[in-house]
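Below are two complexes that have chain A in common, paired first with chain B and then with chain C.
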Partner chain A sequence: MSSFYDVIVIGGGPSGMQAAIEAKKEGAKVLILECNDSLGGILNQCIHNGFGLRQFKEELTGPEFAYKQYSEVKKLKIPSVFGAYVTKIEGEKITALVRGKEKEYFSKAIVLATGARERTAGEIKLAGDRGAGIYTAGTAQKMINYYGKLSGKRVVILGSGDIGLIMARRMTLEGAKVLKILEIMPSSSGLRRNIRQCVEDFEIPLEFSHTVTRVVGRERVKGVYYAEVDENLKPKLETEKFLECDCLLLSVGLIPENTLLSEVEKNIKKQIIVNEFRQTSIKNLFISGNSLHIHDLADNASEEGAIAGRSAALFARGALEELGEEYEISFSSAISYTVPQRVSGCGSFKIFFRAKQNFLRKKIVVRCEGEEIASKFCVGITSGEMQEIEVESGKVKGPLTVSIE
Partner chain B sequence: MKTICIMCPVGCSLNVYEKNGEVIVEGNSCPRGEAYGKTEFVNPSRVVTTTKRSGAFSYSLKTDKPVPKTMIFKVMEKIKKTPLKELDVGDVFIKNILKTGANIIVTGKLTI
Partner chain C sequence: MYDYVIFGGGVVGAAIFNKFVRLGAKVALLEKELDVATGASKANSGLVHAGFDAETGTLKAKLNVRGNELFEKLCQELGIKFKRTGALVVGNDEEKLKELLARGKKNGVKGLSIIREEKLWKLVPNLRHEYKSALYAKTAGLVSPYMLTIALAEEAVINGGQALFGFTTKKIEKAKGCFKIYSSDKRVVEGKVVINATGAGYNDIARLLKAEEREIRFRRGEYYVLDKCDFVNLTVFPLPTKLGKGILATPTASGNILLGPTAEDILEFDTATTMGGLENISGSITAMFDNVPFDKIIREYSGVRVSCGDDFVIEWDKKAERVVDICGINSPGLTSAPAIAEMVAEMVGLRGQEKKMIRRKGYAVKVKGEIVCRCEKVGKNEILSAINSPLKPCTVDGIKRRVRAGMGKCQGGYCLIDVCRLIARERGIKLEEVNKEHEGGAVMLSGGKYE
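Let's look at the complex of A and B:
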């Protein structure tokens, strides 16, 4: 097999697989480099249902979603290299460690779809001992769902993101006792359906505005101290209590895995800047899925992969050269970020964004130099959920602003 | 009864009550929500998903339809106790588990 391709996709999760599928449909010669031994990414361990309503119009579990995409990858005869851990990208050259050996691949266009990693105990400056029994929720999920190993019997979960909620139910079903879920914020960033079916169904106590102040147990976790926090999220030490447990799971957020891209342009929030084609400041490099921004739905990560894959294939055959001028997208203070952050406006496109708080009965408005070019009425906008608005072709003549009114 | 629809990520707040012998669902944004509200009122049910190791494989499993909430732990127990020989994705592992009308099917198979 020659090592020259039109499009190489790094990462074979839902976003990478869809990118490969679309690039292939555009006629490109495609390869997937995946560090694990199978395609599917994080979906392989997300055995619960709730995926696919958008893309496949039916409710699927993570593995079923991955299997559907995988079947298409197979049908289109797209090759993958497994156990290929990409360590460097320079221009058209990709260096990967394949089962211990360094190998080089060349591609006209590259799609990065390496997903996200979980924030760790160190990153949230968790105080106290570091005995065995402290895991990120995703690690605990992998332990039980791949290897059948339960990470503890008496469990405290810090953070009420979806992974934590899903794991609260999973551990309970496997016979562990989930003593408490502690959330530092006054509300959960997890989906309401997960609060209902993972927490309330099993009467697991979920305490808002609470956090772990200290972990006890040098060799094995013996318990945690926890306390209520004030408006500035500082623990009120007079409320501190001790809870005996043998396991602490952290569900405190995901961080895009984009360390491979040290050279590309990022904004002050360290987000990678892309245009509507998911093209970065390095023109042959495209990015999608959780490695660009965190998607709560695999369907969305996959949809973004489709955009990146198609664009990469166009780029590879020289059809994405003349984009013309690109304009910035700015946003009102109620919004925390948008993707893309820049547009050329060559065709129609969607702007994805997250709101900082929840809103009821509001309008999302996109303006170009003061003139309204797209708007959409929403009954409810929640901060936990990604929002989107479509802008028609030919409307972009200058910088854009997005606002919630 | 106030509850939350779990049929899609939107998570509509539902109000379900009985009027003249009929179950009324309010707050849903689509028909799936109405159907969910009704069953939730009469016989709350959930899809159960779990995994099971066998040989070199880790299988992920699910009930192909929701089972009564009261049966969840019994279903888990039954899955644990039933030996699993080699199966493929989509195969039925346990038919009509504990007479719930739901089959346990294989959703994924990983080599460990």
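Let's look at the complex of A and C:
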């Protein structure tokens, strides 16, 4: 096996696998570098259902979804290197520690699909003791789903992100008592279906505008103090109460894992800028899935992987080089970000974005130099769910704006 | 029967342990926790102070300056990082700076100077330009306080010292020129001379020894830890106040940044962080610096300084014979530790040439193995090497302090479970028996329905 490829995909989760599949279908010579011992990424610990409705038109568990992709990877004879931890990307060269030994790979195009990590107690400046029993929800999920161990028996969950909601149900089914879910915001960032199926169906109290003010327990968590917050999200200490528990799970957000890219491109700010091909400012580098921005569903991360993988294959054979001028996509104040942020408009493409708050009966409008080029009516837009709108081929002649009207 | 028994595996206890072994004595170190460096020695600023701060003539002044001199050689012998990066005390009150400079010179500190404006701003690009002068102390440095403690204890153990962990002293009997020390799990240790270096636990041991109990005060200091970055390249203090050296910004020996500590008098030993304390740090740091990378905060912690009067207490106990009291070792305790060890050796009459020591190997391996901690790029083989190192650490935090697994920005999100699995495998215990740091602090619990 030579170390020269058309497309190397870093990360073998849902987005990476799909990128590899699409690149291969475009005729590229593809390799997947995966740091774990198997493909599937975080899907492997997501044993709940709810995956695949969009991509496979059937409801699957995480491992089933991964297996479907894996079967295709296998059918297409796409090779993978396991235990490969990429440390550096320089031009076409990728340096990886494979089981701790340094190896080099070369590829004309590279797709980064390294997923996300969970925001930690340190990042939210959680006050109090730092004993055992404080974990991110994903870590607790791995404990129970891989090793059958409980992170605690009386559990408080801080944050109502999807993993937190899923874990509320999961811990309950495993015999733990989930005492409360506390959410500092006035609404949940989780999917509506998760609130219904994981929280309401199990009668788990979910309190909005509340947060943990202090954790108690030097050896292991013994309880938490929590309080209501004011409009500036500051706890009102007069409302502080104590809740005895032995575990605090955090579901307070995911952060794209793109350290690799920020090491190549020092001036990357909070968000990575890509065009509709998921091509970064470094032309041979493509990025998709949660390492670019956080997706609600594995299906969406996979869909984005498909775009990046196909584009990377085109780039590798020189078919993506002459894109022409790229235009910026700006957005109204009701929107927090869009992907992509710039666009050439060579073909049709979708703009994905998140709204800052909830809206009822509104229209999403895309304009190019004042002229409406796409619009879509929505009965409900929630801040927790990713929105998308398609723009047809040939409509882009200048900078775009997206707004909710 | 040991010649000396040391209570307390903090940096002071470990330094004495090491020194005594080097001087050929038969020594045991008793630690109630599961590892060394689990108290104040893991939670401080990690600074090797120059020595201008302490009142001339005090033990603090003397031992600080002497301790500082010993660091290069000691850290080299122990195979740990020590960086003489220098420190600055910034403030526009030149009188006060000159006072500090004069005191420093009296204390015997070399390499002190006052620097101004351009020269200062060049050293600290993020310092606000309202700050125009500073005392520059060239000899100040950085060390990992827990790695120093661990390395001191490891070398002692490799060379014949005995370290006992999870040793909660329950009873001490005195008989025929020796102490018989009983632990709550029925271990017995006998020694001729005992040294109480338990820090916050001083009075608990003093009571059992029927030695002098002392009035101890606790002062909590909270910190922020930032992910590796170059916000400051040397330690920057504000002008000191009665409460201490103030809230500083410093790199650590490993390249992280610390912001802190606060100084809050508390009634009981308590290392919890508080919302108020953390806000306090942000306020003070923002007043001194521009471009503070608060988005790089990955962790908060607090440590408790123990004080007993104004100076260190290092003396023979007045009530009980053959007991050395060490109490009130707050800042500059880390810097002074090697000098305290020298002083205590002198006190007990241990003199002469140090014996030739077998040096510790550290945890480096030829092949890292697969990466377990992604943030700090720590390989499986390095973790195994730490688990099987001389003190046989058995806690997740013990491994973290040794090889930095879990010290990065995801704070163990990826590696916690894998580190637990490796500890469980190597120790032959169940996964749910692996503790985070303290006895009774299991990371995972059994009882999943499908376990």
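What we mean here is this: the second predicted complex is superposed on the first by the 398 of 405 C-alpha atoms of A that agree within 3 Å, B and C clash if a C-alpha of one lies under 4 Å from a C-alpha of the other, contacts with A are read in each partner's own complex, and residues count from 1 in each chain.
Please note the rule applied: a contact is a pair of C-beta atoms (placed from the backbone, for glycine too) under 8 Å apart; a residue touches a chain by one contact, two chains touch by 3 or more.
Treat the numbers as computed from the prediction; the structure is a model and nothing was measured.
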Specify the partner with more touching residues on chain A, choosing between chain B and chain C. C
Tell me which partner A:Ser38 touches in the superposition: chain B (first), chain C (second), both or neither. first
Of the partners chain B and chain C, which touch A:Gly148 in the superposed model: first, second, both, neither? both
Thinking of the overlay built on chain A, is A:Thr87 touched by chain B (first), by chain C (second), by both, or by neither? second
Just checking: does A:Pro399 make contact with chain B only, chain C only, both, or neither of them? Give me first, second, both or neither. neither
Who does A:Gly253 touch here: chain B (first), chain C (second), both, or neither? neither
Once the shared chain is lined up, is A:Leu191 touching chain B (first), chain C (second), both, or neither of them? first
Touching partner for A:Gly50 - first (chain B), second (chain C), both, neither: first
Of all the chain A residues, which ones make contact with chain B and with chain C? 144, 146-148, 173-174
Using the touch definition from the top, list the residues of chain C that touch chain A in their complex. 225, 271-275, 278, 297-301, 367-371, 374, 377, 379-381, 409-414, 416-417, 421, 431-432, 435-451
Using the touch definition up top, name the residues of chain A that touch chain B in the complex. 37-38, 40, 44, 47-50, 53, 59, 61-64, 66-67, 144-148, 173-174, 191-193, 195-197, 201, 296-297, 379, 385
Chain B to chain A touching residues, read off their complex: 3-9, 11, 13, 29, 46-53, 58, 60-62, 69, 72-73, 76, 89, 107-108, 110-112
Please give the residue numbers of chain A that touch chain C in the complex, ascending. 35, 83, 85, 87, 97, 99-101, 117-118, 120-123, 125-133, 135-136, 138-139, 142-144, 146-153, 173-175, 213-216, 218-220, 235, 246
